[in-house]
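Mind having a look at this structure? Questions to follow.
In order of appearance the chains are A, B, C, D, E and F, and numbering begins at 1 in each one.
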Amino acid sequence: MDKLTELAYALDTFYFLLSGALVMWMAAGFAMLEAGLVRAKNTTEILTKNVALFAVACIMYMLMGYNIMYPSDGNGIIPAIDLSFMFGGDHSAEKVLASNGETYYSGMSDFFFQVVFVATAMSIVSGAVAERMKLWAFLLFAVVMTGFIYPVQGYWKWGGGFLEGLGFNDFAGSGVVHLCGASAALAGVLLLGPRKGKYGKDGSINAIPGANMPLAALGTFILWLGWFGFNGGSELKISDVGEANAVAAVFVNTNMAAAGGLTAALITARLLFGKADLTMALNGALAGLVAITAEPLTPIPLAATLIGAVGGLIVVFAIITLDKLRIDDPVGAISVHGVVGMWGLLAVPITNSEASIGAQLIGLGTILSWVFVLSFITWLLIKVIMGIRVSEEEEWEGVDIGECGLEAYPEFVGAKGSAT
Amino acid sequence: MKLVTAIIKPFKLDDVRETLAALGVSGITVIEVKGFGRQKGHTELYRGAEYVVDFLPKIKLEIAVDDPLVDQVIEAITNTARTGKIGDGKIFVFDLEHVTRIRTGETGPDAL
Amino acid sequence: MDKLTELAYALDTFYFLLSGALVMWMAAGFAMLEAGLVRAKNTTEILTKNVALFAVACIMYMLMGYNIMYPSDGNGIIPAIDLSFMFGGDHSAEKVLASNGETYYSGMSDFFFQVVFVATAMSIVSGAVAERMKLWAFLLFAVVMTGFIYPVQGYWKWGGGFLEGLGFNDFAGSGVVHLCGASAALAGVLLLGPRKGKYGKDGSINAIPGANMPLAALGTFILWLGWFGFNGGSELKISDVGEANAVAAVFVNTNMAAAGGLTAALITARLLFGKADLTMALNGALAGLVAITAEPLTPIPLAATLIGAVGGLIVVFAIITLDKLRIDDPVGAISVHGVVGMWGLLAVPITNSEASIGAQLIGLGTILSWVFVLSFITWLLIKVIMGIRVSEEEEWEGVDIGECGLEAYPEFVGAKGSAT
Amino acid sequence: MDKLTELAYALDTFYFLLSGALVMWMAAGFAMLEAGLVRAKNTTEILTKNVALFAVACIMYMLMGYNIMYPSDGNGIIPAIDLSFMFGGDHSAEKVLASNGETYYSGMSDFFFQVVFVATAMSIVSGAVAERMKLWAFLLFAVVMTGFIYPVQGYWKWGGGFLEGLGFNDFAGSGVVHLCGASAALAGVLLLGPRKGKYGKDGSINAIPGANMPLAALGTFILWLGWFGFNGGSELKISDVGEANAVAAVFVNTNMAAAGGLTAALITARLLFGKADLTMALNGALAGLVAITAEPLTPIPLAATLIGAVGGLIVVFAIITLDKLRIDDPVGAISVHGVVGMWGLLAVPITNSEASIGAQLIGLGTILSWVFVLSFITWLLIKVIMGIRVSEEEEWEGVDIGECGLEAYPEFVGAKGSAT
Amino acid sequence: MKLVTAIIKPFKLDDVRETLAALGVSGITVIEVKGFGRQKGHTELYRGAEYVVDFLPKIKLEIAVDDPLVDQVIEAITNTARTGKIGDGKIFVFDLEHVTRIRTGETGPDAL
Amino acid sequence: MKLVTAIIKPFKLDDVRETLAALGVSGITVIEVKGFGRQKGHTELYRGAEYVVDFLPKIKLEIAVDDPLVDQVIEAITNTARTGKIGDGKIFVFDLEHVTRIRTGETGPDAL
């Protein structure tokens, strides 16, 4: 029997680690998506931001974030912090066996799974502020976001804080991760302003096409794959029939929601614009994924498809609307993760009878306001201290040369310096 | 000697090159350019925002030829590159004062 | 003992889900491979087809395909359909425990594994008809293919239909998936005709090089990785020593066959053309993978290598021959999945004594003719209704602008509109 | 109980196979990284080398290498060879049950895990000799390296040879894989000489920027992901609490070391050069990964971060120093895998009290000298027989046309033939 | 007829095009070029080695115009493309001996 | 004033630029072009089908110079760009009627 418990622990740990590895892979997805949707002259810099934010997130979450989010104690609002994770340690076999099934996976695997989530939240930000935000200002924000802003609201829900107590439902983080990232991004974008040339003085909105569509498609596929870890791993356990079925249902629903979102966005774009806008289809798939993330377990597959499809529909209009509001988000991150993240949270009660729209609204409002306000203050401080926006000239020339000293595609004529 | 330059539609390049070779033209320099003229670009929507593709891809040919060949070259290009639709392009002719072949140092018509 | 059964169920489900995730990843592989092998001006559209077909496949297979392929009942030729999968549901723990090991993984995980297979079959089609087929005509075909044509022949073999009864062997789908996809592609290509400029009036065959070799190589690596899920997962079970050994053997043989195919194609191309043609090597690796898919379990590693190598050899000659026949397949899909798929089916008896060449031929013939005929009719109907080929002008200008309204590489001079 | 043992065997096998699949994926990472860091005109060829070396490695390791490295017998220096692996075979259930836990995973899965390691070692070489080495000479070297040079030193450590006996510690191969690959690369580079134009007659060092930064970033992310299999799988077992915890610790430390390496290299480059050099950051992440590979289990997460960070620091200086020594390594492979591989080996005693600096030095010296000397001789023989370097003209024009007959980006003006 | 060519900074392209259109210029051919002049490129470090970006991206415009328009065109470009900073570019004017419109075969000023 | 244009092999660009700078040439405009001439392209096989690379990559330089410098510039390019092998390229010289420097509005030789 003990060997059986150990084996179950091993399976759950393994499942957790692999889920985490898939989520880690999402960092590559964001990097490729963003590199595909910015102009060639800003590509090296967005790649640098993406790789560096992942490293920063890991380090800050090890030093502070993890202990804030999953503290040994806390009053539901303010966690009791000890910052000891960096020294490691894990459950002994004796403790596991004595725990009566309470301790069913490795503590280290838990950290691994959690740390890649915070990186996801941060990756959302980089896309929205692309092509004009200073690299080091961005990384400084990443330090605060991953070490403090994200973990605190994470504690409120997943660390056993007051949102958990209120019955707020957010299975894998439509709110805690996606809305959180989008709120931080929105604050940054508002302070930063749009890219030069994006909005004409006459009120016109100019398209600034991304430089590399295959990268954008690849990024979306990577995210889609990684999301099986994101949602599938959030069941936290797989080692009995019920749990295994649950994980399987989560996989199916995650996939169906993405399919629904993609299809809805593609058709919507076709009807609105007359063309099959690939970038909208890609955003639609991601919107479907974000939409289902708050509750990928209770819907039947048909419902998951529809929840995703509504997400795909919403995202197209959200992108158009934000543009009208002159909120310039080169990759659509605020629409995908923010607007659709809210839809995901509010859709939970449709299929999950234990959820209430009230609790969902409280959770949504809490996350949005906490993250937005804190982020706004942080961005503002950084702006005062070192500035957050590159010079006008650097923006024209591309931030690659200015910030990174190298072009992304140096041999291709026109890669740099092309107008707009 | 003259330098004949022609702006043509990209997919006509191969045909024009063959016709010119048949005429005895020994060299051509080809440049990818973007053209703006009577033929209008198209307006596309990218993520809901307008996106005017003003400049259409064209090919520019530069052919240095000796005077007697000039008219034939113009005619050959005109006939081969013509589709009859707007945007077929232009031929411009310039006086070419001097030519050197780098490999040999030859100058004048011999260098062509 | 019950907990042990549950744990085995969990492990098998997990193994199945991860295998499915790897197969899902193959969709990205096809997208990258095809995006690399078409011209720049047709890249956005092929990406759009690839992401959209995946979504369509998921939705149609949920709505219809899965129930057709794995019906509650049927007479071996016509399945009894109930179309209930979309409402979900899974095995209860009681049922699992009572099943005496018969029910050993989650039903949802089964759907997940199956749905990504149908997407694979459909992905094969997109490459062959690239650079000239209308986007929406293609997606309409995808609806029929994934909702009906594929599932019916799938039922005949894997759903317990008459091919299964006859002793036809097709472990992971050299026939049911690959030959199936290639047959549909062939029908489409025949109705569609070659790309403009591919074949000269004087009988000359013109090369139309792909625009982006790194993407083609990346796509191949993705497919190679995904194939471990494709073949490895098709063992369906891993939870005892025999099964675990079987899965391991499948992994090894799958890998060796790819290595054999790549090496053979590279050397063949070198001997025939005097150069190490990368695209042939990539097709060779895929050919090795297709070849071993019908039977990746019984061969010893050396035999697997050789079966793959023969596939790699065949694919080079198949590509050249199809070109001579003026069957224009930009990515070599018909050769890789069709011609080599047949080789895979016929090679089964070499190492599997339970297989007979007769049954293999019947299976091969059945799949080929069913899929080809039905596809041909479907394409024809679509052609009559809405046309399947873009206008000559759109083809010259590239389908990206015409169909999708955006270029894949807008900033790179010459990306669009370059001659041929 | 027997069923439990079988289930554990299945889990361990599955864990091993998935780890191997992740390591296989690293081949794609090396391919993308190298394709991104060479010039456009040499891209097809480096891709061809990368796919072909993987195939060669698989075949040679099946034919010879595996049996050399894990022989049935041997005296610690010279293994007793039987070359029988290619005929396959695996542990019977009886044997497993009788083994008392000694035989806990499939033999086939072991081969799979090992074969992808040898491919990794070989991938390291391709980057260092890029842009000037003949394709077929390189592949000939791959035959010798993967069939003989690598397996022999592998036997000394992991096959139970004398280095194992001496107490040399190398958990997942900072030495056996990375230093090994780098030593072979160094020998090749010394014989080959630098790329034309890299070093001026006046002692100047010219930068030759890579053509495609997104590919380089993608490659690094792929490697980072694959490394979870590389290090995580090297624990070899996961099926009890202690082992599961160990694997989890390895995942966490691997990730933290990469994060540390990236951060350190990015900051160092910023301080030295004034710009955030993305390629240095990428090399830094890889350096962190190489550094922790010799001992990813015993460090606490904070220590792992620091070990990685030192790796990231070292790699920047190593790259600069090698350039000063006119050792031209286009992708930094010798610095990342060689110099930092040594650091990894020497850092083991810091956290692992069972390791001694003496044994580490002996292991390091043995691997370095064996591989360097044997490789040097092999390269020299190949040089004499067929030459190892392309002609000067071919180098100017790019090896893609000369060796492979096709350009990587044929439609992009300036892709080929651009100066430098 | 003259051919006016102008080397300008890339981001001025749209403005210049609009000004010329307002003048009644009916066609422009645009070429991406690299310029080397008083405006110096920048030295970058790539992996610790120097990397001189000597040549700066510029746009070359070619505009064939009839004689009366030449001065206006020159002035319009000068005014619109000027930033006052080094590297603004040059205008070169050549005599254009002959023009043909490929679509119609028209020649001379009518073909412009 | 003259406009000297030269078609050269790409790898000679740096040498030529240095020689011209030494001569006192203050500006150069560089264009990537494809050349077709006596030097033949190569036939490659891609997936078994022929693939003629007709057009070879070349670099076109445009250098506006005042009359006294013309001969030196021609000579300098000829000497530096020569490899003696076919395909070394050509130098074409045109009369340059007018020059304006956009930044200052200067015209004539001063504007170079």
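Everything below uses one rule, namely that a residue touches a chain if its C-beta (ideal position, glycine included) is under 8 Å from a C-beta of that chain, and two chains touch if they have at least 3 such contacts.
Just so it is clear, the structure is predicted and the values come from calculations on it, not from any experiment.
**Q** Taking contact as defined at the start, I'd like the list of chains shared as neighbours by subunit B and subunit F.
**A** C, E
**Q** I need the common contact partners of subunit B and subunit E, sorted by label.
**A** Shared contacts of subunit B and subunit E: A, F.
**Q** More than half of B-C's contact pairs recur, by residue number, in one of D-E, C-F or A-E. Which one?
**A** Checked against B-C: the matching pair is A-E.
**Q** Any chance you could check whether C-F or A-E wins on number of contacting C-beta pairs?
**A** If we tally the contacting C-beta pairs, C-F comes out ahead.
**Q** Give, as an integer number of Å, the spacing between the C-alpha centres of subunit D and subunit B.
**A** Roughly 51 Å separates the two chain centres.
**Q** When the centre of a chain is set as the mean of its C-alpha atoms, what distance in Å lies between subunit A and subunit C?
**A** So the centre of subunit A lies 32 Å away from the centre of subunit C.
**Q** Counting only residues that touch at least 2 other chains, which ones in subunit B make the list?
**A** Residues 31-32, 34, 44-46, 51, 94-95 of subunit B each touch two or more of the other chains.
**Q** Could you check subunit A for residues that touch two or more other chains and list them?
**A** Residue numbers touching two or more other chains: 4, 7, 11, 18, 209, 212, 218, 273-275, 277, 279, 405-406, 409, 412-414, 418.
**Q** Among all the chains shown, which pairs meet the touch rule set out at the top?
**A** So, checking each combination of chains, I get A-B, A-C, A-D, A-E, B-C, B-E, B-F, C-D, C-F, D-E, D-F, E-F as the touching pairs.
**Q** Would you mind writing out the residues of subunit E in touch with subunit D in their complex?
**A** Listed in rising order, the residues of subunit E that touch subunit D are 44-51.
**Q** Once bound in the complex, which stretches of subunit B touch subunit E?
**A** These residues of subunit B touch subunit E: 2, 6-8, 31, 33-38, 54-55, 58, 60, 74, 77-78, 81-95.
**Q** If we count contacts the way the header does, which residues on subunit B are in touch with subunit F in the complex?
**A** Within the complex, subunit B contacts subunit F at residues 3, 17, 26-31, 64, 94-103, 105, 111-112.
**Q** Enumerate the contact residues on subunit B facing subunit C in the complex.
**A** On the subunit B side, the touching residues are 10-14, 32, 34, 42, 44-46, 51, 53, 56-57, 59.
**Q** What does subunit C use to touch subunit F in their complex?
**A** Interface residues on subunit C, with respect to subunit F: 204-207, 209, 272-275, 277, 279-280, 316, 319-320, 323, 332.
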